[in-house]
Amino acid sequence: MADGTIGVGMIGYSFMGAAHSQAWRSAGHFFDLPLDARMTAICGRDRAATEAAAAKLGWHDVETDWRELIARDDIQLIDICSPGDTHAEIAIAALAAGKHVLCEKPLANTVAEAELMVAAAQEARRHGVRSMVGFNYRRVPAVALARKLVADGRLGEIRHVRAQYLQDWIIDPQFPLVWRLQAERAGSGALGDIGAHIVDATQFIVGDRLAGVSGLTETFVKERPLPSSSSGLSAGSRGGTGAVTVDDAALFFGRFHGGALGSFEATRFAGGRKNAIRIEVNGSLGSLAFDFEAMNELHLYDGTAGTETGGFTRILVTEPEHPYLRAWWPAGHLIGYEHSFTHEIADLLADLGNHTDPSPSFEDGLQVQQVLAAVVESAAAGSHWQDLPAVTRNAA
Amino acid sequence: MADGTIGVGMIGYSFMGAAHSQAWRSAGHFFDLPLDARMTAICGRDRAATEAAAAKLGWHDVETDWRELIARDDIQLIDICSPGDTHAEIAIAALAAGKHVLCEKPLANTVAEAELMVAAAQEARRHGVRSMVGFNYRRVPAVALARKLVADGRLGEIRHVRAQYLQDWIIDPQFPLVWRLQAERAGSGALGDIGAHIVDATQFIVGDRLAGVSGLTETFVKERPLPSSSSGLSAGSRGGTGAVTVDDAALFFGRFHGGALGSFEATRFAGGRKNAIRIEVNGSLGSLAFDFEAMNELHLYDGTAGTETGGFTRILVTEPEHPYLRAWWPAGHLIGYEHSFTHEIADLLADLGNHTDPSPSFEDGLQVQQVLAAVVESAAAGSHWQDLPAVTRNAA
Amino acid sequence: MADGTIGVGMIGYSFMGAAHSQAWRSAGHFFDLPLDARMTAICGRDRAATEAAAAKLGWHDVETDWRELIARDDIQLIDICSPGDTHAEIAIAALAAGKHVLCEKPLANTVAEAELMVAAAQEARRHGVRSMVGFNYRRVPAVALARKLVADGRLGEIRHVRAQYLQDWIIDPQFPLVWRLQAERAGSGALGDIGAHIVDATQFIVGDRLAGVSGLTETFVKERPLPSSSSGLSAGSRGGTGAVTVDDAALFFGRFHGGALGSFEATRFAGGRKNAIRIEVNGSLGSLAFDFEAMNELHLYDGTAGTETGGFTRILVTEPEHPYLRAWWPAGHLIGYEHSFTHEIADLLADLGNHTDPSPSFEDGLQVQQVLAAVVESAAAGSHWQDLPAVTRNAA
Amino acid sequence: MADGTIGVGMIGYSFMGAAHSQAWRSAGHFFDLPLDARMTAICGRDRAATEAAAAKLGWHDVETDWRELIARDDIQLIDICSPGDTHAEIAIAALAAGKHVLCEKPLANTVAEAELMVAAAQEARRHGVRSMVGFNYRRVPAVALARKLVADGRLGEIRHVRAQYLQDWIIDPQFPLVWRLQAERAGSGALGDIGAHIVDATQFIVGDRLAGVSGLTETFVKERPLPSSSSGLSAGSRGGTGAVTVDDAALFFGRFHGGALGSFEATRFAGGRKNAIRIEVNGSLGSLAFDFEAMNELHLYDGTAGTETGGFTRILVTEPEHPYLRAWWPAGHLIGYEHSFTHEIADLLADLGNHTDPSPSFEDGLQVQQVLAAVVESAAAGSHWQDLPAVTRNAA
């Protein structure tokens, strides 16, 4: 990094790998960054597939063993896009090797693993080695604007947070038993996969954290056809069925330390909702509403505006004054899902170049894991309330 | 009217008759009015049908000759809900007999008839006999609020008005040749029936009038099955077809005296749009948008609010501070189409009781007819521009 | 009722009294009903105020003692619009006197009272005396259509129900301690007042009932200024403050007998949401969404339609084929909040005339009370799960 | 191109240059293309600025004379992103030199120039040299889907097209007299800049062309401060004012050859509308609606679906089955404005690799210019109807 460049090695090349690659390719073309990222190598177990991915995604070299990737001198940052059960081992090794780490969410499949990762991150931080967990929705401009408006006091004291993350991709009972439906690989179902995002996003927006939760989980379809191969979302079956060992849906509510109530729902069984993240916040002075299906909009209610012309204002978050938008197109020209990753990479590179710690940290990732674990515990205990560990309130 | 009551006689008992009856029955229960309306008699040619309507709609007595209705001593106001080709004769006779008149829109089927009606209204006005034309959409609270915001200067100088009135009830070519599709009865098609409403509503909102127009009309389905009977919208056919002699759709644009441009479209061939009135106004300081399919809402853009939180505010027009709403339910409880008539009747009774002229006047109705006639002339002249008569700008 | 008429006596004349009166006045003008309702007398403690109300609302006579009202020979139906703490005594007495009863929701302030009322209703039913509880939102056409579509199997097996009832009228901490904020009068806060509606409406739509719940309640503002008078929502204060003894907000989730998960939220602290009832239902074949702020719309997702043109269809529920709509205006002409009461009265009169039991019954009202009580119990027990009494599943 | 690569030279590096560059960089990473584009050189008059742009946008080399760019052996395609008054000369020279050309819209500032360009394109086409005009909105997936649905007959016979392109960036009278407001540079104002897009997009969607038009144009602010420099949109002024010589807004309506009516409006004075392209199409069997502010959605009304559940279906155009979407993210993950250019480049490279002519052609661009010219002529002739040249109906 002495010459203003940073070598990046990425592990994994499916959905998240493709999204991260577009971000690594694009960030420097839109943002003025102190570091120039080089897409040094991509790592996967299958050499031929990985080489094809490298060609497609723009990586210069290929590794088939993540330990080799970490060991390379021309790589200073490891971007972990592999499944959750691999995060802890890779991240800890990379940090120990002095490599910065960007780790996709969820940070890990268990709280215990996440705690080890935090310990490794804290140790590394003392040596200037930095780490970040990839809650990309924080970088959707409307979400970042929501946080700013709350921080500016525009909503007053926060009373209510309600958030839903709704999908429908396994609504068909014949959809096969892919790895995301197996606890040993995925750790969790809807709760960990998408519930994690709304826990992080709402805590980020209100600048506060959950103090306790009560939850309920459900697996609607308990048995599914075995997939024809172990890879991905292929719908074919090799015959026979297996048990679904993760949740299809999770509902929970909680209290934030500041007194707000939170209501959460994550499901893969909401027909017609493909990737619907809906967040509302009500405060003593105003309210906010966001829907990812209209991700360039934020709706703001200013309770101090008087009744004649009061109401929710639909802010088209495309103005140069809005977070991240100065880098993009004139007002009114929308951006998309992938830009949240471009912003994430741009912020990460800015932090690394400026020698500051990026956010969200591994500690933030651990805290989200603790919330999810408390939901699972509550669900197992007749939905009884579970207090969360006392943590420093969100400072970022 | 000496005793604080006013006897009402209504002519016609189909769609408009039913809507007006609900308004006559309801206005006094919600508004504090100086006059108590008595639903004295309803008039139709078929005695049995009219008696049934009287029973259903709440009228005390029945007449089968409108001249008898006008002649009654216990009636001081004539409410004309019969087809447009009857308006002039009835209204002129009623006014001459010293009866106040509420006349449904369009005021008449031709400008010439409307001019005679205006002359009669002006003569009657000198004797304290008052008249009103029924552009009920002015009394939708969101429309009334729109006018108020423009009058308050919230939009600055008006630049653009765009309005559409979209329906689809004759989209099926087998829909029969009902009287509304015959020029000799209806006078006009989409242009006079629904185009009239958006001409009036936009002029009302911006407080200005069209100075000239250019137009285009079209009859998509030129021949239709003859209806099985002469009554109403019945879809049966008695065999044979006849020529459609009115327009199915009309497009026109124009300039307002104050310099704003207006764009208008009225059609009965917009599939899926049942009664869609959409109005937008852009001014130098802000904009307004209204859609009758969400008639309890008005969208306001305040161009002076700054870009961070600027945007269109969705005003739920249900607050006691909003026009007409104090009479109704708590905030957030919607009202419907029929309430525009209740407001119309309440305003009319207030004006009569207070000895002031109601609005819109017959002069207003004539001016709308002149606009429609100019559109027809323009359409017949290669869409060439037609200047409108110089009129006093809208003072109401 | 021998002559085809029925005498009605109503108790209470504020918000609900006004809404019911408009319904009593209007139902017969739009629906063909076997009974003609006479608005015989209205009852309130203050004679002058009640006489003013009678004049305003269209009641022929006045009583100041509800026992006198019940005793009148010319009254066959008692409509109870007084506060919840009066419901049980009046309803039980009226039923014992052989009078049909329409009782506003909530049925009672406690489960114990509601059980007594059910016993009285069951006894009366054996003598042809009928009773109904006023969950008016069932009669919003879009809600009735939702129920029909579920019953028709269009959604398949129900997986998720999520419902919110959001208001903001006490968000200001200086809003006084009106009776609705006092447990001894109101019984409950947001939970009983508005939570009751979404429990009933969702159970009605899915045709199933909650089997158990876990809940959380909160009182954000614990002390408020004493009101200047005991009457209504007046904002003045007579000095001093008092404790708020009901909930400001309630969150709960539950399971339906058929396996669906339900998520519920009721609050009076959602700034900018005036009367927002939002209901979504997800099934194995499709989904439904409703928002009372657009009460003439229902959104339907048909999961069998294929991906190219699949999505939520915005049904404008104004067609003659839709529930209740044949009585009203042409397609595209909206109706409002009050029409839900007109439909309720029309259905009630039809049932009485046809000698069938109206719905929702007192048993239905009791079951809703049981759900609310279970939420309160759960909230008091660390949100621990509370099973609900086994009841016959909703047959209506 | 023998080796499967194609060298690209781009002229211009402001808004369009940046958008095209992102497309050139990205297309090959998402689409399987027969040609690999090399971003060989970028051309601008100011060497330092052009070098900075090359570094920022990812171009390998720099030219300061477009003739030099065309002359390079390592370039086979010229991408023209410079202002409209330069298009004709560059494009004709490039085609004559055997270089494929992608030319931003409008094709030229005048019909005469456009005709020369078409002649050059036709001559070049005979030698396998291809050309395309950059109406990028055709490649918004929802717009492409709209065209497909019309072509599939889902809308039946087209009756109405209505389109608006609304912006507000010069609403402030103090906004300076930038080159886009000067006729000699820009050729046209709102009409040519944004009106051109809705003419092309609607003709593309309905697969038909305008046969005649009637129009009106307006310049609301006739004098503006001179800009402090000649470059771009800078708001500073060097003192003094100058005349605005282009239109601020244009309204027009027309008839398509197939009988549909079209209504169009383009303005830069619609406060709060930043880049609002709204298109509706009504046919005998159904309707479509699109709004660029929600560019990932298309609303379809199927008039054959019956009234109980009929209505506009909001299609979230993010499914793999939708145009262009298989290349991107899972369903429900939105794309943005820039992707329309990525699709344009991908289609262009596919056509060049497959030796087919890309679309829209220069002929298509000329035809749009003819429409715009006819609007101007009509506006100058009292809005009198102007027939358009008989052209082959849109076959693409």
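Letters A, B, C and D name the chains as they come in the text, with residue numbers starting at 1 for each one.
We take it that a residue touches a chain if its C-beta (ideal position, glycine included) is under 8 Å from a C-beta of that chain, and two chains touch if they have at least 3 such contacts.
Keep in mind that this is a model prediction, so the values were computed, not measured.
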Interchain contact steps from subunit A to subunit C (minimum; 1 if touching): 1
A-D or A-B, whichever has more C-beta pairs in contact: A-D
Chain whose average C-alpha position is farthest from subunit A's own: B
Where subunit A and subunit D are represented by their mean Cα positions, the distance between them in whole Å: 36
Rounded Å distance between subunit A and subunit B, as computed from the means of their C-alpha atoms: 55
Of all residues in subunit A, the ones touching two or more other chains: 273, 310-312, 316, 331
Subunit A residues within the subunit D interface of the complex: 15, 19, 21-22, 25-26, 29, 56-58, 167, 169, 273-276, 292-296, 316, 318, 329-339
Contact footprint of subunit C on subunit D as seen in their complex: 145, 149, 154, 300, 302, 307-316, 319-322, 331
List of subunit D residues in touch with subunit B within their complex: 155, 159-160, 162, 164, 166, 168, 171, 173, 214, 216, 218, 220, 249, 251-253, 255, 259, 261, 263, 265, 267, 269-273, 280, 282-287, 301, 303, 310-312, 378, 382-385
